[in-house]
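Both complexes shown next keep subunit A, but they swap its partner, so subunit B is in the first and subunit C is in the second.
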Partner chain A sequence: MKNEGVLWKILRLSVRAMTMLLLLAMLVPLAIIVILSLSDQSYLSFPPTAYSFRWYRSFLANSDYQSAIINSLTIGVSAAFLATVAGTLVAIAVIRGAIPGKDLLSTLMMAPAILPQIILAIGLYPISVLLSLNGTYWAVILAHAAVSIPFPFIAVCGALQGYSDRIEYAAMSLGASPRQTFRHITLPMIGPSVFSGFVFALAFSIDELVLAIFLTSPSTRTLPLLLWQQLNYQVTPEIAAAATALLTFTLLLILSATIVRRFSQQKYKVSGA
Partner chain B sequence: MMMGIGKIKAGCAVAIRELTKEYYPIVAVAPTSVDVASGGFFAIIGPSGSGKSTLLGILAGYVQPTAGRVEVNGKDILSEPMYRRNIGMVFQNYALFPHMTVAENIAFPLKMRGLQKSEVTERVRHSLAMVRLEQYRDRKPGMLSGGQQQRVALARAAIYQPSLLLMDEPLGALDKNLRDEMQEEIKRFQQELGITVIYVTHDQQEAAFLADRIGIMKDGAMVQIGTPRELYERPTSRFVAGFLGEASVFAITGLSAGSEASATIEGGLSMRINPANAARGGKYVCIRPENVMIGQEAARLPNVYEGVITESLYTAGSVRYRITAPAGQSLVSRALPHTGFQLYETGRTVKFGWSPDDVCVIN
Partner chain C sequence: MGGHLEKRRSRGLNGHLWLLLPAAFLILPFFVWPSVLIIGKSFSGDTGPLEQYRIVFASPGIRTVMAYTFYVSAVVTGITLVIGYPVAFVVTHLPKKIAAICVALIFLPFWVSTVIRTFAWMIILARKGPLNESLLAIGILSQPLRLLDNGVGMILAMVYIQIPFMVIPLINTMRTIDPSYMRAAAILGANPFWQIVRVYFPLSLPGAMVGSILVFISSLGFFVTPSLLGGSRTMLSILINQQASRLLNWPLASALATVALVLTAALFLIYKMVRRAAATSGGIA
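Right, the complex of A and B next:
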């Protein structure tokens, strides 16, 4: 018995150590980027010898970055909106509907999360050329929407499975038409998940590089693509400042999704599952 | 209490005709016909999987029948979508809207019907008073106890004065004491509103307490319909006899009709039976425990035998005996322990018997 206890303790400690290592592997590079962005030097070296906000000022004044940020937001919000509408509707059809081939449809909806993006990018490129969409906003918006569909799809499927369809039947037995039932019951019930699906889709688009490389032109260039191009061209702490801005924005998005979810869980306990 | 607002609409008569549901190759509901009188309380009981909830789902509208007709006050409802049927339904686990308060839940059907805000407020206030939940009006359902949620569900399903109220095991999730209390409440509620109710449960005592007529379902078929008394005293099948209360059932080996009707059962025991019962014919005899007399009371009956008490169980308010006859037949007898009552111990040899009228011939 005592030996078992010791073994168990060793196992527990090593799992803990592994987790710490993984977290460090993620956090240390982030910390280095943030520190680099505060450098006062004109090249990237770690640790910086002097600190300032000059690269942030330079980043904000740079018209290339300005247009890349606007592009990223335009593309991200549009793509996330399309992905959320489509993902939510398919989730409702798959979980509540009586349609044939539900399993196949769910698998298809999940495919973009599993397929390598480089393959999608290579496949989408000739299509966007054929449709004369290449380099336009639509090319990258549609690609990002397609690839980020799993986020709202999974979130809304989870929300719908979290409460019984009896709640919708109850609404209809009480006189609510299918449209009223959707508006007054289904939508409020899945709302927080729709929102978090939207946020994750947006965060995905804002951070995405591979599809952007293939499908954007200089006028539709996104922030990650500009960063990538800058790295090949001039390596200044301005890149670190831009990367930190991107990182902060992504973190805020994910934080907002968490807050909404927490708040809605406090608001009501789901009963009758 | 509810009479102050709007007119009370008496319940509607329901006619179910040859209603069938098949999930090929399974027959969930075999062709079933039932009539429920206006203002009647009809309970459907049966083991799980007997099709009772499916039948209720067809009436509510979320299960599509394979064939059949359902008329409410002479009007076919199956062609209407569920939101236009004006049928109230209390679901198992209540199906309250968790994101709405108690008052919003109860107001929901009125809002869907586009009622004036002032009328909605007024009727919700009366409805809350009726189910005694005034002080909980702004709580979310998740903050209420099971019994309170049950009352919200009831108030919500009845506030628009539906033609028919359906209830699917509404007390299944409650503990015993609360269940008894809610039974009283449901009965009071139904009588006050004069509403027609179809009620599904697997609890035969609950059904007998609430309903004026009961239908017993087995394997998708309605095997017998009657008042609680008819079903208990005159079951037509072994299943009904065993499902509703306790019974001693024996296979018949010989049956003779006529004025001196009698039946012989397995083990060669013979008994006089009521000629009318004999004329009906059947494969088994069924005797209810309270009709099996012991000792003095048995001695003057036409069917009297001798046997040994093999089990004697005194519980609050009643005594249950198991008696074994010499040929091996085993019966259950129940007696009420009144003052001066004699308790027979296990192992004692006694006379026991029953009246010919108390023998049911069943299938």
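Right, the complex of A and C next:
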């Protein structure tokens, strides 16, 4: 009986150790790219024998990468803005409003995230030609906005479910107009979630490849698309430098959303939820 | 006072519909229209509306691709479940703060572009890459493994990319399992093995189902990783892309896309049913 207990303890400890190893292993691929980006060699080999920032210099001096970064930011910020406005308003309608078919509506809002992007891409290509959006920024912006609506939608739904609508009714019964109620009660309560929805949508757009393959022209090429073309053509440590830059930017975005959320949670904790 | 609020409430029926307008302007033309367009185009052909589907189901080449796509998705789902289950179990039963850090670690790679994560695996799995080199150094291997052109590397990279979709639903379900059930089983004489197999595992099944369906759906549509690591064997997304952008055979590409769309929708319905069933049974327990 006592032996059995020891056996279980060993088993439990080894499962725990394996889990921790696996969690660290999740970071290994990212670390390898960062290490490669610091290589001083002219070809790709791991681990590099000498280190330098030369590939960052060449990446920053490369006009292809420069325009791709500007394109990605332009498309990402615009798409995330549109998705956040649309997703937030639908979330308010679904959680607080009196509209029919809420369940179907939520499913429709989530659907773009589930559908394989290649399907949407081949459907959107002829439409972008038809609307003469082909090759313009709008083609990618509108497609990314539609596909990233789920991020702000889920975030804001969660925030609205997190507090009772009686707070809003209280404000209105004290004479506040719906607009005042929204401005002074609803918006401060959902603000952090609107922000994190925006950030997640931005992170999605900045990383998205498949829609970008079909809907961009050489002048609107995004960073993931340029990386993709380079990977299919010639692999140098410059790609690792560009990838590290993109990776750092996305992770900083996510970190900012997490910090804002944590901070706002603490602010409201005092009153109790 | 009740009337005052009731009036505001009831005015909502028409007053709230404008909230849907911006989303409608995005979802209808850029999600619903392309889906309808693809389905419509898939029923076109010189010999009749079902011509493309006859090609899809009769062509041995396409059947092979379909079978391979299912096979890869099933293998990836299986491996992520086997790896993800113990991970989720351990993380669920850690102290809250540490668990939060672990969840963040699991989710971190999710935010990194699939192109970058696949690129990382191209390096790791290369013939002279770190994996082969270290296995050779320890002496486990006498010659480097071929991982890049036979699907093994692709499956490994896909498992890595899909792990969060398995672990997160599992953790969510496991958090709802009342520890007193396990204690009850222990009091009734079950050893830890039977406690897990007969009590814990059945209760965690909805999470495993939800995670498996999510991973399976998203594996079916994978494009980037199979393109870069898949070698000569083709998955459905790549075939759709080839038909559309290289061969310009839009009707066939649309038929293939419609098959993928119907499969995805069916799996998504099952996913919603499982989630609803899990939610109601959780409510009763």
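One rule holds for everything that comes next: the second predicted complex is superposed on the first by the 245 of 273 C-alpha atoms of A that agree within 3 Å, B and C clash if a C-alpha of one lies under 4 Å from a C-alpha of the other, contacts with A are read in each partner's own complex, and residues count from 1 in each chain.
We adopt the following convention: a residue touches a chain if its C-beta (ideal position, glycine included) is under 8 Å from a C-beta of that chain, and two chains touch if they have at least 3 such contacts.
Just so it is clear, the model here is predicted, and its values are computed rather than measured.
S.K.: Touching A:Gln180, do we find subunit B (first), subunit C (second), both, or neither?
M.R.: Touch status of A:Gln180: first partner only.
S.K.: Have a look at where A:Ile99 lands relative to subunit B and subunit C in the superposition and call it first, second, both or neither.
M.R.: Touch partner of A:Ile99: subunit C, not subunit B.
S.K.: For the three-chain arrangement built by superposition, which of subunit B and subunit C touches the greater number of subunit A residues?
M.R.: Looking at subunit A, the partner in contact with more of its residues is C.
S.K.: Quick one: is A:Leu252 in contact with subunit B, with subunit C, with both, or with neither? Answer first, second, both or neither.
M.R.: In the superposition, A:Leu252 touches no partner, neither subunit B nor subunit C.
S.K.: Taking the superposition as given, does A:Pro126 touch the first partner, subunit B, the second, subunit C, both, or neither?
M.R.: A:Pro126: touches subunit C, not subunit B.
S.K.: Touching A:Ala145, do we find subunit B (first), subunit C (second), both, or neither?
M.R.: A:Ala145 contacts subunit C only, not subunit B.
S.K.: Of the two partner chains, subunit B (first) and subunit C (second), which one does A:Tyr169 touch, if any: first, second, both, or neither?
M.R.: Both subunit B and subunit C are touched by A:Tyr169.
S.K.: Report for A:Leu21: first if it touches subunit B alone, second if subunit C alone, otherwise both or neither.
M.R.: Neither: A:Leu21 stays clear of subunit B and subunit C.
S.K.: Which holds for A:Met189: it touches subunit B only (first), subunit C only (second), both, or neither?
M.R.: In the superposed model, A:Met189 contacts subunit B only, not subunit C.
S.K.: If we overlay the two complexes on their shared chain A, which of subunit B and subunit C does A:Leu44 touch? Say first, second, both or neither.
M.R.: Touch status of A:Leu44: second partner only.
S.K.: Once the two structures are superposed, pull the subunit A residues common to the subunit B and subunit C interfaces.
M.R.: Touching subunit B and subunit C on subunit A: residues 169, 172-173, 178.
S.K.: Which residues of subunit C touch subunit A in the complex?
M.R.: Touching subunit A: residues 1, 4-5, 8-10, 12-13, 16-17, 19-23, 25-27, 29-31, 33-35, 37-38, 83, 86-87, 89-91, 102, 104-106, 108-109, 111-117, 119-124, 126, 128-130, 160, 163, 191-192, 217-218, 220-224, 228, 237, 240-241, 244-245, 250, 253-254, 257, 260-261, 264, 268, 272 of subunit C.
S.K.: Spell out the part of subunit A that touches subunit C in their complex, as residue ranges.
M.R.: Touching subunit C: residues 4, 8, 15-16, 18-19, 22-24, 26-30, 32-33, 36, 44-47, 82-83, 85-87, 89-90, 92-93, 96-99, 105, 107-109, 111-112, 114-120, 122-127, 131, 142-143, 145-147, 149, 169, 172-173, 178, 203, 206-207, 209-210, 214, 224, 227-228, 231-232, 235, 239-240, 243, 246-247, 250-251, 253-254, 258 of subunit A.
S.K.: Report the residues of subunit A in contact with subunit B in the complex, numbered from low to high.
M.R.: Residues in contact with subunit B: 163-164, 166-167, 169-178, 180-181, 184-185, 188-189, 267-273.
S.K.: For subunit B, which residues are in contact with subunit A within the complex?
M.R.: Its residues touching subunit A are 60-62, 81-89, 91-99, 108-109, 112-113, 140-143, 149, 156-157, 160.
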